[in-house]
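Supplied in structure tokens, the structure appears directly below.
Here the chain labels run A, B, C and D in written order, and each chain numbers its own residues starting at 1.
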Amino acid sequence: MLLKHTTDEIKARKALTINPAKTCQPIGAMYASLGIHGCLPHSHGSQGCYAYHRSTLTRHYKEPVMAATSAFTEGASVFGGQANLLQALDNIFTVYNPDVVAVHTTCLSETIGDDIPQIFNKAIADGKVPEGKYVLHANTPSYVGSHITGFANMTKAMVDYFAVSNGHKEKTVNIIPGYVEPADMEEIKRLGDIMGIKTIMFPDTSKVLNGPMTGRFKMYPEGGVTIKELKLAGSSKGTIALGNLASGAAAKALDVKCKVPCQILDLPIGLQATDMFIDTLRQIAGVNVPDAVTFERGQMIDIITDMHQYFYGRRVGLVGDPDQILALAKFLVSIDMCPVYIVSGSPAGKKFVKRLEEITQEVPYEVKISVPGDMFLFHQWIKQESVDLIIGNTYAKYIARDEDIPLIRFGFPILDRVGHSYFPTVGYKGGIRLLEKILDAILDRIDRDSSDISFELVM
Amino acid sequence: MLLKHTTDEIKARKALTINPAKTCQPIGAMYASLGIHGCLPHSHGSQGCYAYHRSTLTRHYKEPVMAATSAFTEGASVFGGQANLLQALDNIFTVYNPDVVAVHTTCLSETIGDDIPQIFNKAIADGKVPEGKYVLHANTPSYVGSHITGFANMTKAMVDYFAVSNGHKEKTVNIIPGYVEPADMEEIKRLGDIMGIKTIMFPDTSKVLNGPMTGRFKMYPEGGVTIKELKLAGSSKGTIALGNLASGAAAKALDVKCKVPCQILDLPIGLQATDMFIDTLRQIAGVNVPDAVTFERGQMIDIITDMHQYFYGRRVGLVGDPDQILALAKFLVSIDMCPVYIVSGSPAGKKFVKRLEEITQEVPYEVKISVPGDMFLFHQWIKQESVDLIIGNTYAKYIARDEDIPLIRFGFPILDRVGHSYFPTVGYKGGIRLLEKILDAILDRIDRDSSDISFELVM
Amino acid sequence: MAATAEKIDKFELDGMDPEKIKEELLSRYPTKVARKRAKQIIINKVEGCEVPVIQSNVRTIPGLMSQRGCCYAGCKGVVLGPTRDIVNITHGPIGCGFYSWLTRRNQTDPSTTPDGHNFMTYCFSTDMQDQEIIFGGEKKLKQAIQEAYDNFKPKAIAVFSTCPVGLIGDDVHSVCREMKDKLGINIFGFSCEGYKGVSQSAGHHIANNQIFKHVIGNDDTVKEGDFKINLLGEYNIGGDAFEIERIFKKCGITQVASFSGNSSIDAFANSHTADLNLIMCHRSINYVAEMMEKKYGLPWIKVNFIGAEATAKSLRKIAAYFEDQKLTDKVEEVIVQEMPQVLKSIAEIKPRTEGKRAMLFVGGSRAHHYQELFKELGMITLSAGYEFGHRDDYEGRKVLPSIKVDADSRNIEELSVKADPEKFNPRKSPENLQKLKEKGLEFSSYEGMMPEMKNGVLVIDDITQYETEKLIELFKPDIFCAGIKEKYTIQKYGIPMKQLHSYDYGGPYAGFKGALNFYKDIDRMVNSRVWGYLKAPWQIKPELAATYAWE
Amino acid sequence: MAATAEKIDKFELDGMDPEKIKEELLSRYPTKVARKRAKQIIINKVEGCEVPVIQSNVRTIPGLMSQRGCCYAGCKGVVLGPTRDIVNITHGPIGCGFYSWLTRRNQTDPSTTPDGHNFMTYCFSTDMQDQEIIFGGEKKLKQAIQEAYDNFKPKAIAVFSTCPVGLIGDDVHSVCREMKDKLGINIFGFSCEGYKGVSQSAGHHIANNQIFKHVIGNDDTVKEGDFKINLLGEYNIGGDAFEIERIFKKCGITQVASFSGNSSIDAFANSHTADLNLIMCHRSINYVAEMMEKKYGLPWIKVNFIGAEATAKSLRKIAAYFEDQKLTDKVEEVIVQEMPQVLKSIAEIKPRTEGKRAMLFVGGSRAHHYQELFKELGMITLSAGYEFGHRDDYEGRKVLPSIKVDADSRNIEELSVKADPEKFNPRKSPENLQKLKEKGLEFSSYEGMMPEMKNGVLVIDDITQYETEKLIELFKPDIFCAGIKEKYTIQKYGIPMKQLHSYDYGGPYAGFKGALNFYKDIDRMVNSRVWGYLKAPWQIKPELAATYAWE
């Protein structure tokens, strides 16, 4: 047993988190920053933060993750990090020449109380930010929210720093994709494209964190939203924010700042959430949904109806980020699966938990939800009554192995498999991939557990 | 044990096939026919054939597979099947109203010696083939070749019946995709599209055998090559035939009949075969390869280099159709894997076996090849010395379970999983999918077999 | 028949006029075809024990897309396929052997025979090539038998002929005899070429004949056990036979042989030592029962273990036959033990299934048997028919004398069987049989499907693709039962389709536990939300305005 | 230093002038930065035992992208992480605990301690929230310790402070003392806030101090066994320690404690009963060895089990120390047993690796140790440097007296240790030590990396991303060694990159068997065909003409 000290006896905890189902704000901000073209994310804090964030993102993407740090020492912690950030900006623009530097704070600089805009002003005044180059920042104290919050804050910062209304509405539609994979962002753009809609998506990590091997290292890969596009976002017809937790803040800020109306939807994971996304997109853009999209939808339903017997009634344990587990829970219920344990480490609010309860109210088992909760509790629930499937990040593999339950790796981080950054799980095509993964997990298990007598050729 | 009577003691066999790695011609012809738009395949033989072929294709695709039969009884077997075919054509056009009926023969009608063109002539003379409707046929005796031969013959029949040269060369390039999945055909078309090339692909089962659930049954789904396109194929700039066994005959016939020059390539499975396909396509069409294609290529190499350690040196048993196993063997060798046992039931010729030997000559193990061979022999080889991975169709799961070897389902038929008809394995994107599948199989096994002590978080 | 229409309870057909429907089904056909099909599409009308005549077991109409398979499929695939310890060699091109390889879900438990032989996971074929078509395939077949023997040392080898074998004139039977002599094991062949007869049905008959000739009666050992029966026409799809065996065991009934689910050739050889034959699938196996009765004196009765009530009824029939109070008591005890959970499940599920409408077009007895289960769920059978049934399967065995043997049936051998001078042993005296009959136990009798169906419903033999579509469009049934070829065609209409050959890889559905499985599966299918997704929001409400989730 | 350039063997640097390269590396930097970096980029020159001074263990330059991590990472992640039976609670926001959760591949075998405790698969954190930042986190920490105790009943709990803890003034140590008194188990804290020092190195020191204070010496039981040693600075990445333990066992050497691969707190407590400390990673653990020598009288020697020759040499050192002929014989016997397969592997692989060029920028001793293995493969180290080494790691401990303590080091506690009045027991007399020294056994000595490197190669401390890229562009080495953050950056250039923290999930690489693994992995990496695919055919030959496969 890998987690041999975990038992089914649940003792109330209020101070100790065990096996977290979240991490801290700055890594989310770093990830979002990588979705700006030509951007170098910068961690304003101790160098350990940036090292950890880069390592974790690198393990997840198996790609270079470039970022810089203010590298606080004890002196900076006492006297403030202004000198470090000024020196860092000078070095960064001189040596690494990015278009933009996206600074996020850390628990350290937040506790000290560094005033980033003021430091920016000084840097600009001192000529440390070259002509035509940009800086932006987000406050991302590690002791508030989670990596999702950090992503949301940095995404909102893109609006705060760049979006401007040019006075008339352009034909563009803004899409804020949420804390999803590069492949998901690409798929969301593709759907916009085949609907004939000009979209501005931010952040956009596609072609940044799933890049090619070419024999050349590019510190600033070809992907990412440009500053020009971010500016133009202020004049779009509307904004679709996917996932309230990760994208809601930026969408609302854009509405307030530039009067771009927004729709905040669930992540387009699963049939109905994708329906909602496509339907909203066509309504905002005023276009018809092309047959090609409806065709993909039909393919997805085809698999659901064909393989329904294997989905029906299976108990699923779901652990991940809030926007994801909400959409996934809805998807699972829609195919007659039973998400019975739902956990996220990220705080998401009471309304969120209420929506989860509504979504799962028809599940014919007791449904346990803990948001925020941790994977230790999740595991204890499973010890009490097992599930047929776990959907979670790589850390869930320890539970899956101990309890002999199939695992579908989903969410962040996935450290031990490839594929998540190349194949989407959003949209109908993503839905088909998820269905395939669920079926593979279930059918592999049926095959494994069948007796010789009941082993099936056709399934 | 599921195959408890299989031992490692190999006794020479020359008359008895055990656990075949092929099936008969007509099913391949039926599959090819489904790749013509508005076509009803017709089996000229006993009704058992059509029932078996439809059942097998249906289990593989989980989609309607429409076809008709001459439904021979003993009388027809004695007196010839003309009356049956005439009645069938009349009924088919009257009741089911297809644009075209594609007749293939069977061992029965071939042994009798029915002359299909002569029967067609009579049917046309009798007014059983309505104005503007078409018939075509291929001779597909079950006792020659395999399902691949049947596919090749029906594909060639498309050329024989329809292709005409209009006297000047059009900008189109013909692609004969080989006996691959609908998703593969779609992917091959997509690659042509993003290269800005107008392609005519035949047969084309995409949108036929991976169709949507819409609440309406369409006997003739929207996919398939049209008769108009088939005619135009005779005036194309050139033809690319993918897979010599399945596509070579049609390509050569088109060259002979209409002077359309052809290149016969390996199936674009894996990096180098896809490179060859793209490079040939650009040369025939006289276009530049867009960056988007090169980007996908780079993504595929990125995974290969990132995960190389897991591929390196692993022994693979490969059983399937000739064009597929050839391309797969080359792909596996290219990523430093070791295809050690290679079997196809389909006869493929000495040159084919020689190419396989060349491809595998650097493999640091004894490589055993049996083409034609059967899965019983394949299993016996594995009994003698095991492999790390099996790639084969669903029937290979019996071996995989008995020998506790991971299996990647590939080829025809796949009766117990979904996905193969929705996600390509050709092209770079298909290569990424294959790499993902190989890695999942290997890494799942490493995870399973690790001790608690050596269990890995990051891989 | 048109005259009967007015007397029909139209409610059963969603208020539609069955004659109009029949007309609609026929309207598109060429005249000759329509005329033929008109005799195969019947509006049911039960008057006493009389039902209308339905033309069946007639030629499939070319081009119309029947559900049927061939003689080989019926012989090798259905009847012989489930016997685990015979090496079944398909003599012919590779396809036939390939397609019948593991595709029928006949489960088997090799641990129940001492040698543990199980060849069902293997496919053996002579993979005939063109040179054999030209020069004959006997030599290759002989060699193949030798190789099978060398590799597997089985106790029996069977050879199945495919279409070309008959045409090129290979004498399969003489090859088998020769190899039997040479190898000293039981080797026998089947002339079950695909073109024989008009459907699988011909293959069943041929299979029955050869098992009877070559196997049954080979072992006279009388085994231990009370109340010895054979179960005929049960193929252990999804474990059905296991459930029936479980019930038999619980009741103290000894099963000597099963034809042919979970079966062994040794049991076939010994089967004539049983005291009663039970027929599940009348169509596929009645020949064996009849021949055994003539030769060995075993009576047969029709049973049905599909449906909990039917199971109870069948058990009572067996008890009645044996006239043993202990058995009768045990059977009642078992029924009392098993029924509560069945009734509990019905009580829970029926409110969700009551009044739902089913159609069944499948097999040679399943379209009949499964109506029982739907009835238990309060569901209505709107229409049904067989794929390869004969008139007796529809109308009852009483019509047997009136069935004319046509050219297609005439070529299937009819064995002439006589009482065995040594082994014939009538299990019951004629008086005893008469007494039992008077108590309501019918011997050698099958009433057929139609008498149990409602008036006015359509009974359709060998339904075509076109008719299937029409029926669906007209009725939009809640569930449709057929086979794999039909499955997705039906489902594209948004109607769940239950395979009654393979059970969609579920089951068992027989017996008490099987009924529970079936109820659950049907409940899942007719009540799932997944059939409600067919229209996209932009198809339902194409105008441009909506309100959404988080706002 | 410029003066030394002409004397350098230019061949070692691909014929390039190291001064020019250094100039190039510095040219893009702002002047002040260039001046600082110039002291950390050194052209090696070995004269006797003298090497040039390299500035190291100095502040990371903001914005330049160093490889380094923080004090917490060195303390919790590196030194304490591998101890399986302490519940390690990270006191702070969730991130630090999360990132150090199972990411270092320290293997451990809980079956070797009676209670089988293993908490390494768990991550414990106080998940500090803003209210704790405002009102202080001591209360929550106390509660967390209580909850850890309630759930796991461990024998020890350790608390690790993250950045904000120091700033808000939580007194972790007093909380620990209080809870230790309350719960009666060993509980102690580490003030290892991320901003302390200039790299992980500060964390090592803090870790060493606290283990020394709170654990070592707690258990005086003298365990059975000959030739007792402790292995220090070996973290059992990928099973390295298991291989070393295997060799010790084979030689009859008793390992009392390991700091801290495959370790248990009980072994730490008892470690002062050993007779010799062996140091693998000098940087991370030398403090413990020094303090133990002072307090308990155990001498220490530097060993290296990376490389087969180095392993043999280290074993001989141990034997020399114990001055026991039986041990000496056994060690020689083991070397004779183990070396043939090593030599066989080298003979097979070396022809493919000879002359290939490596660069190593990693850790505080790995950049040194792994040069041994590359040497065994005939490979050349073109350039190397540490991530968090000090001058003594580069130049040897002889420079220790000349290292000035700067502000960043001054804030790391330096324990004042004295001989324990009761437990101090000098294992060897001064005369004996001197004798051994004369025989070539160096005590408390480490020569550092630079003296073993070629003249002219670049030794670069705390290399930046920019310098890394430049080096790669200039040299295109055949393999590059660093950590996960660098891996894909390097590989995008088409150059295989070996992680020497995680071994890319391979290993073990230590000892004899580890050497075999390493040879194979390097052979695979530097000789794989997969690095040859970077250009597409249309990039190589853009013109329009070609001939293809089947024609």
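The rule is short, and it goes like this: a residue touches a chain if its C-beta (ideal position, glycine included) is under 8 Å from a C-beta of that chain, and two chains touch if they have at least 3 such contacts.
The chain lineup, named per UniProt: A, B = Nitrogenase molybdenum-iron protein beta chain; C, D = Nitrogenase protein alpha chain.
Note that the structure is predicted; figures quoted are calculated from it, not measured.
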Discussion item. As a quick test, compute the distance in whole Å between the mean CA positions of chain B and chain C.
Written reply: 34
Fill in: For chain A paired with chain B, centre-to-centre distance based on mean C-alpha positions, whole Å
39
Response to the item:
For the pair chain B and chain D, the C-alpha centroid-to-centroid distance in angstrom is 54
Worksheet item: Which positions in chain B touch two or more other chains at once?
Response: 2, 59, 62-63, 211, 213-214, 294, 297, 301, 304-306, 395, 398, 456-459
Worksheet entry | Interface hub residues of chain D, defined as touching at least two other chains | 102-103, 488, 491, 534
Practice prompt. Pick one for the touching-chains graph, please: line, ring, star, complete, other.
Written response: other
Fill in: Chain-to-chain touches, reported pairwise for every pair that qualifies
A-B, A-C, A-D, B-C, B-D
Worksheet item: Any idea which chain C residues touch chain B in the complex?
Response: 28-30, 33, 59-73, 89, 92-103, 110, 116-119, 121-130, 132-133, 140-144, 146-148, 150-152, 162-164, 166-168, 193-199, 407-408, 411, 464-466, 469, 483-485, 487-494, 534-535
Fill in: Parts of chain D lying in touch with chain B, wherever the complex brings them together
102-103, 105, 107-109, 239, 488, 491, 496, 502, 504-506, 521, 524-525, 528-531, 533-534, 536-539, 544-546, 548-551
Fill in: List of chain B residues in touch with chain D within their complex
244, 248, 263-266, 271-272, 275-276, 278-280, 282-283, 286, 288-289, 294, 297, 301, 304-306, 308-309, 312-313, 334-336, 453-454, 456-459
Practice prompt. Enumerate the contact residues on chain A facing chain B in the complex.
Written response: 1-2, 59, 62-63, 207, 210-214, 294-299, 301-307, 394-395, 397-398, 401, 415-419, 422-423, 432-433, 435-436, 439-440, 443, 447, 452, 455-459
Fill in: Of all residues in chain B, those that touch chain C in their complex
2-5, 11, 13-20, 22-27, 42, 45-49, 51-56, 58-59, 62-77, 84-85, 87-92, 94-96, 106-108, 110-112, 141-144, 146, 211, 213-218, 345, 376, 395, 398
